[in-house]
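Mind having a look at this structure? Questions to follow.
Order of writing sets the labels: A, B, C and D. Residues in every chain begin at 1.
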Amino acid sequence: MKITVIGAGSTYTPELMEGLLQRAEQMQIKEVWLYDINQRRLEIVGGLIQRMNQAQGEPFAVHATLERRAAIAGADFVLTQIRVGGQQARHDDTIFSLGHDMIGQETTGPAGFAKAMRTIPVILDICSEIRASAPNAWLLNFTNPAGIMTEAVLRHGGVNVIGLCNGPLGMQMNIAQQYGVGHRDVDLDYMGLNHLGFVRRIWVKGEEVTQGVLETMAAKAANIPDLEVDAAFAQSLNMIPSGYLRYFFLEAEMLKVLKAKPKTRAQEVMAIEETLLRKYADPDLKEKPPELEKRGGAYYSTAAVELMQSLHSNGGEKHIVNVRNQGTITDLPYDAAVEVTAIVDGRGAQPLALGPLPTAIRGLVQQVKAYEELTVEAAVTGSYAKALLALSNNPLVPSVNRGKLLLDQFNEHHQLGLR
Amino acid sequence: MKITVIGAGSTYTPELMEGLLQRAEQMQIKEVWLYDINQRRLEIVGGLIQRMNQAQGEPFAVHATLERRAAIAGADFVLTQIRVGGQQARHDDTIFSLGHDMIGQETTGPAGFAKAMRTIPVILDICSEIRASAPNAWLLNFTNPAGIMTEAVLRHGGVNVIGLCNGPLGMQMNIAQQYGVGHRDVDLDYMGLNHLGFVRRIWVKGEEVTQGVLETMAAKAANIPDLEVDAAFAQSLNMIPSGYLRYFFLEAEMLKVLKAKPKTRAQEVMAIEETLLRKYADPDLKEKPPELEKRGGAYYSTAAVELMQSLHSNGGEKHIVNVRNQGTITDLPYDAAVEVTAIVDGRGAQPLALGPLPTAIRGLVQQVKAYEELTVEAAVTGSYAKALLALSNNPLVPSVNRGKLLLDQFNEHHQLGLR
Amino acid sequence: MKITVIGAGSTYTPELMEGLLQRAEQMQIKEVWLYDINQRRLEIVGGLIQRMNQAQGEPFAVHATLERRAAIAGADFVLTQIRVGGQQARHDDTIFSLGHDMIGQETTGPAGFAKAMRTIPVILDICSEIRASAPNAWLLNFTNPAGIMTEAVLRHGGVNVIGLCNGPLGMQMNIAQQYGVGHRDVDLDYMGLNHLGFVRRIWVKGEEVTQGVLETMAAKAANIPDLEVDAAFAQSLNMIPSGYLRYFFLEAEMLKVLKAKPKTRAQEVMAIEETLLRKYADPDLKEKPPELEKRGGAYYSTAAVELMQSLHSNGGEKHIVNVRNQGTITDLPYDAAVEVTAIVDGRGAQPLALGPLPTAIRGLVQQVKAYEELTVEAAVTGSYAKALLALSNNPLVPSVNRGKLLLDQFNEHHQLGLR
Amino acid sequence: MKITVIGAGSTYTPELMEGLLQRAEQMQIKEVWLYDINQRRLEIVGGLIQRMNQAQGEPFAVHATLERRAAIAGADFVLTQIRVGGQQARHDDTIFSLGHDMIGQETTGPAGFAKAMRTIPVILDICSEIRASAPNAWLLNFTNPAGIMTEAVLRHGGVNVIGLCNGPLGMQMNIAQQYGVGHRDVDLDYMGLNHLGFVRRIWVKGEEVTQGVLETMAAKAANIPDLEVDAAFAQSLNMIPSGYLRYFFLEAEMLKVLKAKPKTRAQEVMAIEETLLRKYADPDLKEKPPELEKRGGAYYSTAAVELMQSLHSNGGEKHIVNVRNQGTITDLPYDAAVEVTAIVDGRGAQPLALGPLPTAIRGLVQQVKAYEELTVEAAVTGSYAKALLALSNNPLVPSVNRGKLLLDQFNEHHQLGLR
């Protein structure tokens, strides 16, 4: 088995490597290929990965390369964890957005739109490489905005794809801790889009615990975790929303908070990454350093490795992933990418029937799905008109005219070439 | 034929009367009943209506009454044009909304939500009267928010209902003027919800003129009429939106404008109405005074009377009205109220198949429809939780927590009794 | 205005001509082109048409030609009334079907399947001519099986098309007679497919008369006209079915009747046509002879001419026609051809929303629609496998294996070239 | 854990008991209650079950009773395997059907209709008992026609229900044998209705083997097993149909075969059952006798016990069962019972998204589903009109009038009380 990591210079890669090493034998991993376009990062991160591998007795071969074809050819799994433009672009997108009194939010907000516009062409180019040299491979995409990336690949990529996010697994882990069980014992009726997911019902070892979880959350500081919305609203909702919902539910408050911050998250991450890369460069370091936790992305490795294992071993486990809707959520388009519970085995990821969205969340999810569709169309066609429609459909853009000013800035600064 | 006007004390009533007089014979009108709960207004407006009738040789009998049952019993048409709480409530709703940095907007905004919550119980009570004493009558509803009212009656009223707005007719009239034809020669592919409608294509006497209309509009001050959105966006949209869309497309700008106004629209209307009522009280006045035009509501009478005539005469004309969706717009719920073109004849209003909403507007229309559904549910159940969900789903509410503060104000001030 | 008749050698053409002459001025007809591949018939029928035109003072020019391009170029309306293989093929199809103990039925049965397989390629070839030389023309198709032809053109023809049948108009005419009104005063809630239509409700001048019509029909010989099904079933159905439904509702009985007939309908028609053609050839005949009535096809001319006039004059009248479903019947595919009431004006034919099929007829209509879809696919691809699936899906085929024997006969005899 | 068997006097019960004994410990079975209305059968079969239990060291308590309430109260699982009217009614239904030249077929044919009409009231009465005295129990229904029973319970029963058939498991077992694997290693894309199921794709241990299975089947006597349809059709279908499809695909041939048989299947079964009951009555018999195999129903015990175990242990295994559609098959009604692959755990059975039916089978499945819906409606309302519509919608009824004669016979003979 050959696993390829695209964007392997990411500081997350040692986290992933740790997971691969743990399951090397079980999954019969033979080769891991690390690919990046950034030579310095590839050398530093790749060096650490090599040392981690050696420290475990080299269960498989590790190759680091700047040549994409070699990295992809014949792969069984291609993991994409790229960031086109790097943290600097993220920083710029945030600053531009705040400059027009809008939250940037690099996944679900205007900054996420800019990121998608930069990234979709790159992902689709990777897809053409996969079609040519590894047509049976699974593309496992972690690149944000993960829902839009999955939609783009489903509609235009022509490869086997599953979009993955660590968020839903984090929700399972939290509940698992609360009930003192493993995360595989927690079953969520999860429905929505990436970073726009809602848990309708919860079972622990087959027993429904929905009301218990909702009450515990209400009790804990009278809010749902990390989202300081009013407790009455949380109760009305009668579902557990993804933490990212705070940008929509508390848009006004979040905008104030973000404008008041001295640094953008991108700037913080740049600092963290420099520290991490310095650590990684230490030839004595042979394992994932504890500082990596600050970087975020908890459970990223677990999510990725467990997913690969289900696919490889025909396991049939449930995973919450981004896949084609195909009727699972009855009031979203049949071909849309949705984030739902799916059974994953040798066939891929088959979603479970969920029915209609509760009215309480239906409108928001449908609105964001329309925005996502338009964004993919804009990126694929290079149409300025489509891009303007897309950005105007984002719920965080409170004015078409301001949205247009922001779009013009994105277009010029990132040379998107929209016309 | 008996026509009943509920809320006949409205200053609009003379406008309506003018239309009825013009078609009295054609429509075989026998009786017009004027009902209101406000005695002073009923006397003043009713007096003018009586004099208008006499001046035309009394083609039918006019009755003014404070007794609802007598007014409704045996009616063929019941027109509802009520305003629960009057302009004062409208003013309060606007001020409350602005106080939380939100546009009030008494039809599509938070103020419209408050108005709906006050009005739905009254409309449903009128429906129970119609079921009891005029079960074959057509309820023609003009009361705003007209889309929500129609949805409430369709789901809970148990009577024949068509919701009507003068807006779409205004769009037809504008285009008719531009092309020098009658408004019946202008055919619109109109789809959406009340005050959230979009014209996809336009025909004049069977010839498509869509691009011509779009270009003329773009040329005229580089914008679509009354909506100073960027011309590039208008072109991207490739549809003509209802003027009310400005509140969603230019939310941020409109909020500034409204906060800067010295008076609310309600206060302006109160002044206009006092002037009008003084005029109406003049025993020498025997016709609609020209000052009524300032009140707005152009074409209201034309819309109402032409609709009644199509129903009465089995005419089969096209009207843009609020009716049950029943598959006409394929990505809105089957039972939702939508504003679309329908064929109106003795059977009622049967909508024409339209297919899916263009992606450019799909999300917004779906979001607002979810808000409308939740609002009806909140009003019918008296549930605080549903009301909070409803208001939070309104696109003009940028924060659930602020929405809750506003809801509490509405609940207390208007004694909505939500729990 | 130029009208082109494809298959003008049909003995029906004088019927059509009569209608055109009546409306020549109103519709501003300038040219009528008659095209056929059969020179003898074209000369005979064309001769009569010319004489009919002259007798009325030549309101328009009549051209008869064997050159298709000349006939079609620049046409406003192209009427197709062709019969590929002629009555002989019809006769053969019937005999083959009866030979395997199946009803042939040249529209909805196995013989209709064979006719569709022969005709679809010809119709699509005519479409390519229209695209090339009369791209704005309306193709009005009368060729049977009319529903399948419309489906083929909608999916593969790329031209404006409306499928037309005289059957629904006949139902309106019957009810109009019963109530002493004109057929335009009869409004039918008509839903289904061609020769598989059902009337759910009936209005005469805006008053519902459904129960009255059902009862009159039940009373008249305790059956629905021409369909000697049990009265209890007719009542259970609570709808008026097209007369062709007898082949499905009384399959066993009809098979016996047809097997017992000494001649096929095709043979009868051949005899009638020879008589008619002899009549037509008489240089003194200048009008439609009364014998034409025996040929069937009542109201064919009325249906065609009224439809052209609605399209031409932007009339907005209701017509029951074959058009793309587009959500009108919610449990049939969006792109399927259906036979429903549509508003016809300069834009074309826009169907009215009907909702779901009553459960009583849902299964049969869905079954036949699947058969129709498969038939179009078989004809377009030339696939034997698809053809076998199509024929096996026809409700009149009681065994896949017998269906295959029949298919092989069709394939060989008509040189369908299926592989 | 308490398991209740309704209709425990069935000769199948020892088969079921064998499975329960094998998993007694694993499933923590405490009590098994046997209920029947036939005292003789209950004594004989119950006696054998008791001896089987004792021979295995009495892992749980066995109770045999004629009192339904005692049997059901507090049960965790209620298995229904009843036959209202017994084999005699089955025999009569078959003879009546053949008398009108129709296949009876006690599951999918007219005899199945009669059986459903007799059985639905009894099943719904059992449901009311479950609601009253074991509201959390799972009703596992084996009673035929299993799809119609499930639809009836889903719509009118108000209890947790899963419909089960041994057929799909049999298909898995066959393929498992062919590939030398366990049946849990065979994964089927199974879609349709009970006894009207189709396998679209097949995986063995995660590898797709669809074409291999299809070819093996074609090779084996150039037919699909047990269904002597033409090999070309089997290939065209490109799916593996349930064996019961022969009644639809080869209706004409099967009718001949059945009419030629000297005895009905019911008569054969009566003889087998008498032999079995004599065996069962032998006080020395302490295990399932080998003669039981002749009775049919292979894998019945495996299907039942594995399903109970998945529910009990929160296992999450795939089972092919009858459940509410809820969007799984997009062109069947949302609330219809369908037979599909579902994940079964403590929550119940959640179906996997399948999308649209292939056109090749869509019409037939939709037709039969309409028949099933109408049958449930007829049984619940006691309406003669609905019953006539239902029976006329069955594809094996070639004439409404003959169907009516048959219905009248059923109604009188079984005292169905239809009006």
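Things to note:
Just so it is clear, a contact is a pair of C-beta atoms (placed from the backbone, for glycine too) under 8 Å apart; a residue touches a chain by one contact, two chains touch by 3 or more.
It should be emphasised that the depicted structure is a prediction, and the values quoted were computed from it without experimental measurement.
Path length between chain B and chain D in the chain contact graph, taken as the least number of steps between touching chains: 2.
If you take chain A and chain D together, no chain is in touch with both. Chain C and chain D have Cα centroids separated by 44 Å. Chain centres here are Cα averages; for chain A and chain C they lie 56 Å apart. Along chain D, no residue makes contact with two or more other chains. Taken together, the chain D residues at the contact with chain A in this complex read 187, 203, 205-208, 313-314, 316-318, 325-328, 330, 334, 343, 345-347, 350-355.
Those residues of chain C lying in contact with chain D across their complex are 101, 228-230, 232-233, 235-237, 249-253, 331, 333, 359-360, 362-364, 366-371, 373-374, 377, 384-386, 388-389, 392-393, 395, 398-402, 404.
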